[in-house]
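Have a look at these structures, which come just after this line.
In what follows, subunit A forms one complex with subunit B and a second complex with subunit C.
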Partner chain A sequence: MAYSGPSVFGAFDMVVWQLLALAVAAMALPVAVPWLGFVITVAIGKGLAALGVAMLLRGGLISIGHALYVAVGAYATAFLMLSVGMNELFLLLVCTTAITMASGLVIGAFMARYRAIFFAMLNLAISMVFFTLLSKLYNLTGGSDGMRVATPTVLGVTLDRTKFDLVLQFSAVALMVVVALLIDRYLKSPLGEALTAIHANEVRLEYLGVSARGVILAVYTISAALAGLGGAITAVAIGHVVPELSYWTASGQLVLIAVLGGISGVPGAFIGAFFFELVRTFAADFVPDAWNAIVGVALLIVIFFLPQGLYGLLQRVKMRKARL
Partner chain B sequence: MKCLSSIIAALLLAVIGAPATAQTSKPAEVDLGIFTFTSGPGAAYGVPGRNAADVVIGQINASGGIGGVPVKPIYVDEGQGTNAVVAEFRKLASDSNNQAMIAALSSANCLALAPVAEQLQMPTFMWNCDTHQLFLKDKYKYVYRTNSSTVPEFVADALYLLAVKPNVKTVAIIDPDYAFGRDAGLIFKQTLKALKPDIEVVAELYPKLGSPSFNTEISRLVAAKPDVIFSNFWGADLENFARQAAPRELFTSSQVILALGESVLQSVGNLLPDGVIIGVIGDGWWKSSTAQANPQTKAFIEDYRKRFNEYPVFPSFKMANTIYAVKAVYDKALATNKGRWPTRDELVAAAKGIKVDTLTGTLALREDNDGLVDQIVGVTEKSSSYPFPIMGNMVRYPANLVTPPVGTDPIAWISKLTPTMLANAPKPGSYK
Partner chain C sequence: MNPILSVRDLHISFGGVKAADGVDLDIYPHEFIAIIGPNGSGKTTFLNLCTGYIRPTRGSVIFEGRSITNQAPRTITRRGIARAFQIPQLFTGHSLIENVMLSVAAQHGIWQAFRPLAHEAYRKKACEVLDLMSLGDIAHGPTANMPEGLRKLTDIAIALALKPRLLLLDEPTSGVSTAEKFALMDTIVGVLRAEKVTALFVEHDMDVVERYADRVLVWDAGQVIAGGPPQEILCSSHVLERVIGIS
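Moving on, here comes the complex of A and B:
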């Protein structure tokens, strides 16, 4: 079959357009329905973490413990504000991302040795250890009651909460676009392409002179940083952090969102996150006693009929158009 | 893609309807957001709460609703997690017919929702969260607790214990391992230390919340042979613990205090011998003389029993009393406004310092927005009229006696308690 898809530059443009469309939707929805602003902000936080998980999935690595980095990010934000007195939104986001990145680098150094089920379980184990610590160190972390996250200033300006929420929502949307484009470039760079090669044939990759462990360490560190950034956004959006952020079901949700959205393109994680959060919100609205079932059925439908995820559906439509 | 997003936006708009506008005239219905657990372990208390809400709102609507307007509850499942609970709260706050919120059961959710309620200027009545942290550091205008906190609830147990067993020497504590359990352990221990300094705590066990088996802990308790075992287990944990501890005769070898025991009397009460100290954490005991003297309460109990085939438990009364408190706040605001429908700010103003006659006693909202509720403690007692034990040898501690005054640090207040408190407290058996 002759290659009739978009060129590399065309593909890049496509991702830009898709992300911009997502951004427009993320800004437009809350204009129509104000309370959705919060849902969108939290969804972007989840989307960032799911993007990290999706990157690992490209390399054939399933992490069912990535909520660990969301929690590290969220609690880092809480502690930076409480103990260090850091009170500036953007500084908080940068520092938190750096802290989670560092923790990802350290833990990743061990993780890079493992594959398949061992990788998945080890991640799960570490995230549950962190969950237990957060719950047990009552005097430090507030235990299961969690910790308060105050409203930070924005560029030195103290905003009232409603304006702050708006700024946070816009910042989250902007971050989504910028980060997603950077990750897109990364995935299309040799270091990113090596990821797919690890999934396909790791031994051959080593023969080509590329260190598989190095590739995995890099992607793991980046994915941790993404999850941490997502955690920081979630923490300031909600204003409260709880140990459940690190619980294994939260990690499972991230994998679900990644698969739901599709891992073949960067926008997939965000499409998945928006879809998941919106379905859950409306399911809880219409059937308050059976929202779990509705979410479950929606996921089953996607998994059965759209194995490539929602993003895969988008690409399929595009391919068909190109063929016509 | 853009086309897709506009379709989604249009769909959403169609689903939700036009954005909320400010409410000034009388609405067609009073929406009432009610946050409770209907899934997960918290449902053990969340569902009795929800059931009670259904019954009470039915009764209120049958007698003309609030100011002539029927009440429509909108239930939110707290089992969705804190993220989603905050999102739902924000959504419901944009409904102009929804002037007051009843939230929440879990302390973590209450702590997360309080600043959100403040930001959205949404009158919020916290119906079940007990944490004394709620009003410790933060002052709120829009957040009230229509419920007592952990401090009066567990101080009452210690007072009762020292009244019935003044010579107690050794105590063991077994609580679930999370903030509520840890807080209860600390409060109970500190109260005993202040009132009877020579008491020794021989074991403190904090098994995981939701453990299927407590056999290891029970073995340790049997071996430690304490005079007294205190526990604030609740829900499935409490039932499990009672089932596993009863065959090993823990309830006869030690004086056991089940601080939330009233909620399981109907399910596992028959496993308990007479004389186990039972708490209600509040005054919501359906068979108390106060409850039985109130025809409204009797109607509620009868209705509840018919619909759900059981008697209401204390979480049911926490919810029922909160809804009546919200109604009282509405009524007061309507009276102040001479019938004009109140705004949210007018509702909050009406809530300040209000004193409400509830189904089981009174509820006063103090100037720091915390609730003052009496505490009933008693012991299990076999009954000839019911197929399960009821509470006997009861005492009703007045809220003012067991609640730290406004502006004091609760734990510091406990450590300053003196044995004269014990002498001044009502005696077991003084309440029927």
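Moving on, here comes the complex of A and C:
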């Protein structure tokens, strides 16, 4: 008997198109409104971190401390430039991601034993300890003043700030597409599907001979690397790193973005991040101090009417069309 | 012939309840064994002990000549023992075929991050198992709200897809309608014989036991109180009194 299930490649294609559409939007917006380039770059940094949080959510794990890895990435970039003298943008991104990944592996080995509220709280605790260290170790980290991050070179070329920002924005968009496609593959692989399986029934997974802890350690490490990469992009975009990057409200934002965007597909985290950053930017101009309320209301709408997030809305429209 | 599974002097108690009180038994390759006994006599506990879900306070479990006492379920599964549950344990976020594909993929090592789960090789093996279990027609359906009978079948399909050498089934026919019980058991026994799998099944339906079991073991208060061919065991007044409640 032959089965014609949903074609993997069909689904893969759809995600490709969605990401490309997102990429085009991310490049086109700043053409119309140049200062939005910075907003887009920062949003992609957040989107990468939120994607890490969304992956954990698929496994039923809520981390309310993932800003830790954003901060680890941001400070790693600052230190690599200041202490190691590494100045090349792409080398910085690669090394920072590797460093954050290693930290995720070490901390993850401990975290993978915990579930539910314990997992959430332990992540929060570690991020707050890190925040305190960043704030108090003045001689090393500059304390609450943070550290300056100079403008890196790009492939050996020193660019002025405007050109650099443009290159960074384009690189961030390209990274978003490439990373999202890789993560999409991972999520559809046995290792990625095992994550959803853990959420549904961890005992059964163990009875398939699979180590649930191993599966969680893998996703935790990857999610840390993503957040670190996001942190590195944020650091070079802003040119300054501060302990607040690791503060619990920043972690809360990542969960919010992940839920807002939707965790059923990789574009969700970026859609959530764009929405969040754009609302924040425009609300700050037109209705200062109200952006929190706007984001809050948006979140309520999503929770009550769009349990699959903004990305789910997109898919629903697609499905309606397909049925015609 | 050497036993495939040897259990010696297994003990565990919960509070004051002795759920295993010196269980000793040997199971030989290709046997199809029924475990019967009153509710709460420790049948499920025995399966939990064999698969490492709970650890005995005393005693040992030997599978194919090597000790698996105190090993974790995943280690024991990798050694070749699969299990289906009294209450089906499914991945309710996945479709039926995905449940089975996860099981197939798990055998080949879950550390596959770039090959899709729906890869042709996994899909084909999963389809084979689903066809054997006559689940092919609903392969792509969701598992979240399936009727109990189908949940039971899916749970068994997941276990079979692991290609175990010993299969432990906890009340495979509970939740299945009387009319379908024999058909289900015919299917299961057919698969087990074809794949040369040794199996042990907990069962409350004496008609099923009589028809399918090579040997029956009778549980009572954490002990094996009798064992032998079904014709013999099911006629013993002692057993009938304890298990079925007729004297």
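Everything that follows uses one rule, which is that the second predicted complex is superposed on the first by the 317 of 324 C-alpha atoms of A that agree within 3 Å, B and C clash if a C-alpha of one lies under 4 Å from a C-alpha of the other, contacts with A are read in each partner's own complex, and residues count from 1 in each chain.
Rule of thumb we're sticking to: a contact is a pair of C-beta atoms (placed from the backbone, for glycine too) under 8 Å apart; a residue touches a chain by one contact, two chains touch by 3 or more.
Just so you know, these numbers come straight off a predicted model, no measurement behind them.
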### Query
Once the shared chain is lined up, is A:185 touching subunit B (first), subunit C (second), both, or neither of them?
second
### Query
Looking at the overlay, what does A:281 touch: subunit B (first), subunit C (second), both, or neither?
first
### subunit B versus subunit C as contact partner of A:42, first or second or both or neither
first
### Task
Have a look at where A:211 lands relative to subunit B and subunit C in the superposition and call it first, second, both or neither.
second
### Message
According to the stated criteria, A:193 is in contact with first (subunit B), second (subunit C), both, or neither; which is it?
### Response
second
### Query
Touching A:161 in the superposition: subunit B (first), subunit C (second), both, neither?
first
### Query
Of the partners subunit B and subunit C, which touch A:138 in the superposed model: first, second, both, neither?
first
### Query
If you count the residues of subunit A that each partner touches, which comes out higher, subunit B or subunit C?
B
#### Entry: Those residues of subunit A which subunit B touches in one complex and subunit C touches in the other
none
### Query
For the complex, which residues does subunit B have touching subunit A?
1-2, 4-6, 8-9, 12-13, 15-16, 19, 38-39, 74-77, 80-84, 86-88, 90-91, 93-94, 107-108, 111-112, 115-116, 119, 131, 133, 138, 177-180, 182, 209
### Task
Could you pull out which subunit A residues touch subunit B in their complex?
17-18, 21-22, 24-25, 28-29, 32-36, 38-39, 42, 135-136, 138, 142-146, 148, 160-162, 234, 238-240, 242, 244, 277-278, 280-282, 284-285, 288-289, 291-292, 314
### Contact footprint of subunit C on subunit A as seen in their complex
1, 3, 5-6, 8, 185-186, 188-194, 196-197, 199-201, 203-211, 214-215, 218
### Task
Would you mind writing out the residues of subunit C in touch with subunit A in their complex?
51, 53, 72-75, 77-78, 82-83, 89-94, 97-98, 102-103, 105-107, 110-119, 122-123, 127, 131, 136, 139-140, 158, 162
